[in-house]
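Please go over the structures that come below.
There are two complexes below, and they share subunit A, which is joined by subunit B in the first and by subunit C in the second.
== the complex of A and B ==
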């Protein structure tokens, strides 16, 4: 299919009749650029083609929009018309396919109601088919038109050639849908599904024959048939189990990928999270110190109470010291001795002691100054204890002060780190992002689950292999038996033939799809490497289409790398894959199908864009590029000119009333309308 | 001296408070009694116990605490050693200082840590975690003030 001309009339932003002639000389100039700022109508052109070819009002980017919300007839035209007067609108697409010319026109009628509501309906569709010899046929029946379009570009395939930027990246996602898309693309493009249908039909037929045989055959043969049927059932169940495990693996991989993405975000804040962890550790440690200090204070409290009465202690101690100095404790002469001298009236020197003499009075005075033994001991003991207490007061002061200072410092530390913690928590942002540990644990658990699933799958596959061997063995036995009991009647013969054909077709299918996957991998890898920038080329090596049709990207050491590539590299990978599919379908010639891309450059680096501009026109028959000012500028235009493939250039220009005019510009003058682009890093 | 067989009594109104403070502020009853007595004595306040109950044995009182008790009584009795001749009398006198000391403590800051609507003062244990620090700070502050005044 090659697009030749698009004519729009009062469609979306395009008031009146507007036209685009597409560059379509496959050997020479086959690139058309339609350039416009966002909102000018690039997607309107994409939508016009989808509408014209398939009657689609919705395109892939309208995922959550109801069809009734999409209005196709130009609003300005409706407002200019007489009240409640219908306005004509149409999209006409001229294209060719295998030398047959087609003109497809889809018409609409639109009207504004008295309440200002915009209503519209498709009024007619017709297709003019012109043979190379000049015979023309006009088809107006919807079904016939759809059949004709299906032959040119099947609806299932359109997404691989007519797509927007979003669509491109989706192909590389590790999801069930992605696998389905790749697998259905391969099936559709290479007609593998016809083969699969044949295998399924033959399996059904074989089962039917065997059921018939079971009713008519010898007991031993019936036993084998029963066994065969049991094995077949087990094989089927095993296949289903493997498919379920594949599904689980896919979910686990998606979960792992999403956790990786989440963890990637954490990489940016990793140092902050580490610091927060450090702060939390300091706070925890300080809280322990604080608790321990409170314990110490509890023990210290009784000792420190002495501080309140330290003056009294000192006073009493001094008093006792004075008494001691004066000899009052202990007394110079024991009280008992003095009392004996007085009562005996004889001095210790032997002289008589006479009452009323000076000596007698002195001895009486001594008696007054002495106290009894208990009191003396008590005073002495108290003096001794007070000495100890007095000496300990300095130590008590120091230890009390030290505890209070330590406590204050610890509390300050806690407050300081709690404040730091608050600041850093705000920077990290939200408790849900607080614990990388949880995410890492989840990831580890998903990885373990994946390993278990892979192991389970391997076991099941090994069981399947054993069952297949068993089946072959049973089939051999059955054939032998069938011969022996001369039951090679018509049914047996048919059953054998059907089984052989089925087995052969299965082998062909398996070999063919395996070969296709390898070829697609090879072709896609070749192109991928060409399209990559130097840095990517250094790292990335090969695109592999795996057995389950999921994609894998291998680095230079043949390790999986898909989860780590940039959005731009993903787009390049998808384009490489689509181009490989196209090349394979065209048996290595240029596949006659346009690459129609809506804003595909947004995420590509300068080198990627440049490579794409040089390589893509060589491998496709036609390239139509709807580009915006942020992705297509002077630099890209210069590269495209240098490729020698750029044939047509249109700009979408705003005109009065909000409509858009499609204005053809000579490629040579494109620089005047373009500016320098900023490329993502 | 240091009779170990005396039952030391405290104000029965403070029975619950003694239990609460034993869990948070001090480790033993004799320590709380000593702290209260020091506060009461340093404030020159004592209060007769109208309704008292036995709280602990005097055998748990440490020698240093006895020394302080004797010093208090001596000081209060013009250093007359006869005043400390009977330990029961010494303890009786100290009980009055301790009762007053605990009154001061409650009025000073302990009331903030008491549970509301209780017949007798009862400590809110969960709120009183920092009481040792608060009380130690109070003792140190009082000591600093006395040093400054000197």
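== the complex of A and C ==
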């Protein structure tokens, strides 16, 4: 397929009729660059081609967008029309395939409702097919058009030739879907699926013929053929089991690989993670201590409340002590004795006590100072209790102080470690990685699973081997009997012939798929090395297509390296794979299929862009780039001119009302419209 | 793209003429036709081939 011309009418950003003539001389100029800033309609052109070829409104980059949200008819054209007046829109694509010319037109009708809602529908589609001899055929039936397009570029293959450059790196992801996608592309492009279908059909036919044979007189041969059929069924089931186990192994290996990557990352920050773990432990321990200290402080609170009145207590105690020292408590002479002396007016020494004398006054004063017995006992008891309290106050003060100091220290420790933890968490980068121990445990469990699976696979393979031996034995016996049985026997002959054809196709299938995997590896590796920059070339060595069609990238020591390459290198690797497939499918030197790339260089470094610009036009029949100013500048234009392959240049220019005009520019004058992207040195 | 890969054809041509022809026919049919059509068509073709072969053997013996 070669794209010749694209004509747009009131489609997306393009008001009125806008055209692009693609450069399509495979030997000479085969590169077209459509250049535009973001929002100018590069993806609109990509969408127009997808819409025209397949009637698709959505393209791969419209993830999670509902089809009804995509409006194709130009809004300005709708607004310029009378209210509720339908507006025509179409995309017309001229292309050729194997010297047959095609013009495919898909028309739309759009309208703004009275509420301003934009509605649209496909009004017609037609394909003009013109043979080299000049015979033309107009096809208007949808199904027929789809069949015709399928022959040119099957829907299943379109994403390999018409793609978003930044998303094509998905092919290098080893997921189940990607493996299926690559396997399906290889099988589609190289007709392996037709081979598989023919083997399946013949297997069923063999069974039918052998069932007929059961009813014949050649019972022994029939028995052998039945046994053979039974063994082959078992072999087929075994093959499927092995394939399922391979799938499981592959998943487990992916998981192991991802855990290894995680562990590697972990190793880089391992010391920090360990320190974070230590800090967390310290904080946890300190928090426990803090909680226990708080508990102690609560119980201490009951005792230490006494400290609030400690000064008063001390004062009272001192006073009581003084009183005691002075003999005021307990008094030297009881109050009752003094009162008796005063009433008897006789001292205890027998002397008469005369009122008004100094002695009498002294006794009277003594009486006043002396309290009654109850008070004395209470004062004595108070003195005794306060003595105890006085002694314990120091203990309470000491223990409270000690608790407060411990609490403050613990709190400070926590604050300090929390601060350290914040710093270290920032250094780790806020990663939510689980504990390294968990990762290692997970890895061990995956390894154990892998060992189990490998053992199971070995067991199955050994069974297959035994079955294959049995099969060979039965085939030998069958051959012997066949010689005995007359070849004129038609029923036997049919079964034998069908089996021979089936076996031949099966053998060819196995040989062919093995060969193409090796050839794709070889071709893709050759191109990959050419496209890489010097550093990548030094490091990366070979693209390998494994038995399950997953890709592996081997470094110069032949060790797997795919997990470590950049997104740009993945893009280069995917392009190499597609180019290898195209080259392998090509009957002549160049596979007649365009490489139509939206955002071709977005992720590529300068050297990768340069290499791609030099190499890709040589290996593909046509290269169409939809590039923006950040990826295509004067430097890229200079390299592309130097390749001698650049034929057409268009810029997408904003015009009044937000529409876009497609303006052809002479390649020689491209520099005027491009930014300087020269790389120093 | 609808053509059969040359490498497959070359490999099939290494078999005896009868096997090779039938295998290529099976392959060609499988490109665009459904399985039941392929089976029925091959059934008829193999019957014809075997019948023809039987006739040829008989005439050689005669």
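As a working rule, the second predicted complex is superposed on the first by the 446 of 681 C-alpha atoms of A that agree within 3 Å, B and C clash if a C-alpha of one lies under 4 Å from a C-alpha of the other, contacts with A are read in each partner's own complex, and residues count from 1 in each chain.
We adopt the following convention: a residue touches a chain if its C-beta (ideal position, glycine included) is under 8 Å from a C-beta of that chain, and two chains touch if they have at least 3 such contacts.
Just so you know, these numbers come straight off a predicted model, no measurement behind them.
Undergrad: Mind working out whether A:490 is in touch with subunit B, subunit C, both or neither, as first, second, both or neither?
TA: The answer is second: A:490 touches subunit C but not subunit B.
Undergrad: Return first, second, both or neither, reflecting whether A:154 touches subunit B, subunit C, both chains, or no partner chain.
TA: Touch status of A:154: second partner only.
Undergrad: If we overlay the two complexes on their shared chain A, which of subunit B and subunit C does A:312 touch? Say first, second, both or neither.
TA: A:312: touches subunit B, not subunit C.
Undergrad: Based on the superposed arrangement, let me know which partner A:381 touches: subunit B (first), subunit C (second), both, or neither?
TA: Touch status of A:381: first partner only.
Undergrad: Looking at the overlay, does A:197 come into contact with subunit B only (first), subunit C only (second), both, or neither?
TA: second
Undergrad: Between subunit B (first) and subunit C (second), which, if any, makes contact with A:65: first, second, both or neither?
TA: In the superposition, A:65 contacts neither subunit B nor subunit C.
Undergrad: Once chain A of both complexes is superposed, is A:448 in touch with subunit B (first), subunit C (second), both, or neither?
TA: In the superposition, A:448 touches no partner, neither subunit B nor subunit C.
Undergrad: Give one of first, second, both or neither to describe whether A:237 is in contact with subunit B, with subunit C, with both, or with none.
TA: In the superposition, A:237 contacts neither subunit B nor subunit C.
Undergrad: For subunit B, which residues are in contact with subunit A within the complex?
TA: Within the complex, subunit B contacts subunit A at residues 1, 24-28, 30-31, 34-35, 38-39, 41-42, 62-68, 70-72, 74-75, 79, 81-82, 84-85, 129-130, 132-133, 135-137, 139-140, 142-143, 146, 150.
Undergrad: Could you pull out which subunit A residues touch subunit C in their complex?
TA: 151-154, 157, 189-192, 194-195, 197-198, 200-202, 204-205, 208-209, 487-488, 490, 493-494, 497-498, 500-501, 504-505, 508, 511-512, 515-516, 585, 587
Undergrad: Can you list the residues on subunit C that touch subunit A in the complex?
TA: 1-8, 11-12, 15, 18-20, 22-23, 26-27, 29-31, 35, 38-39, 42-43, 46-47, 49-51, 53-54, 57-58
Undergrad: If you look only at subunit A, which of its residues touch subunit B in the complex?
TA: Touch list, subunit A to subunit B: 293-294, 297-313, 315-317, 319, 371, 374-375, 378-379, 381-382, 385-386, 388-389, 392, 397, 400-401, 403-404, 407.
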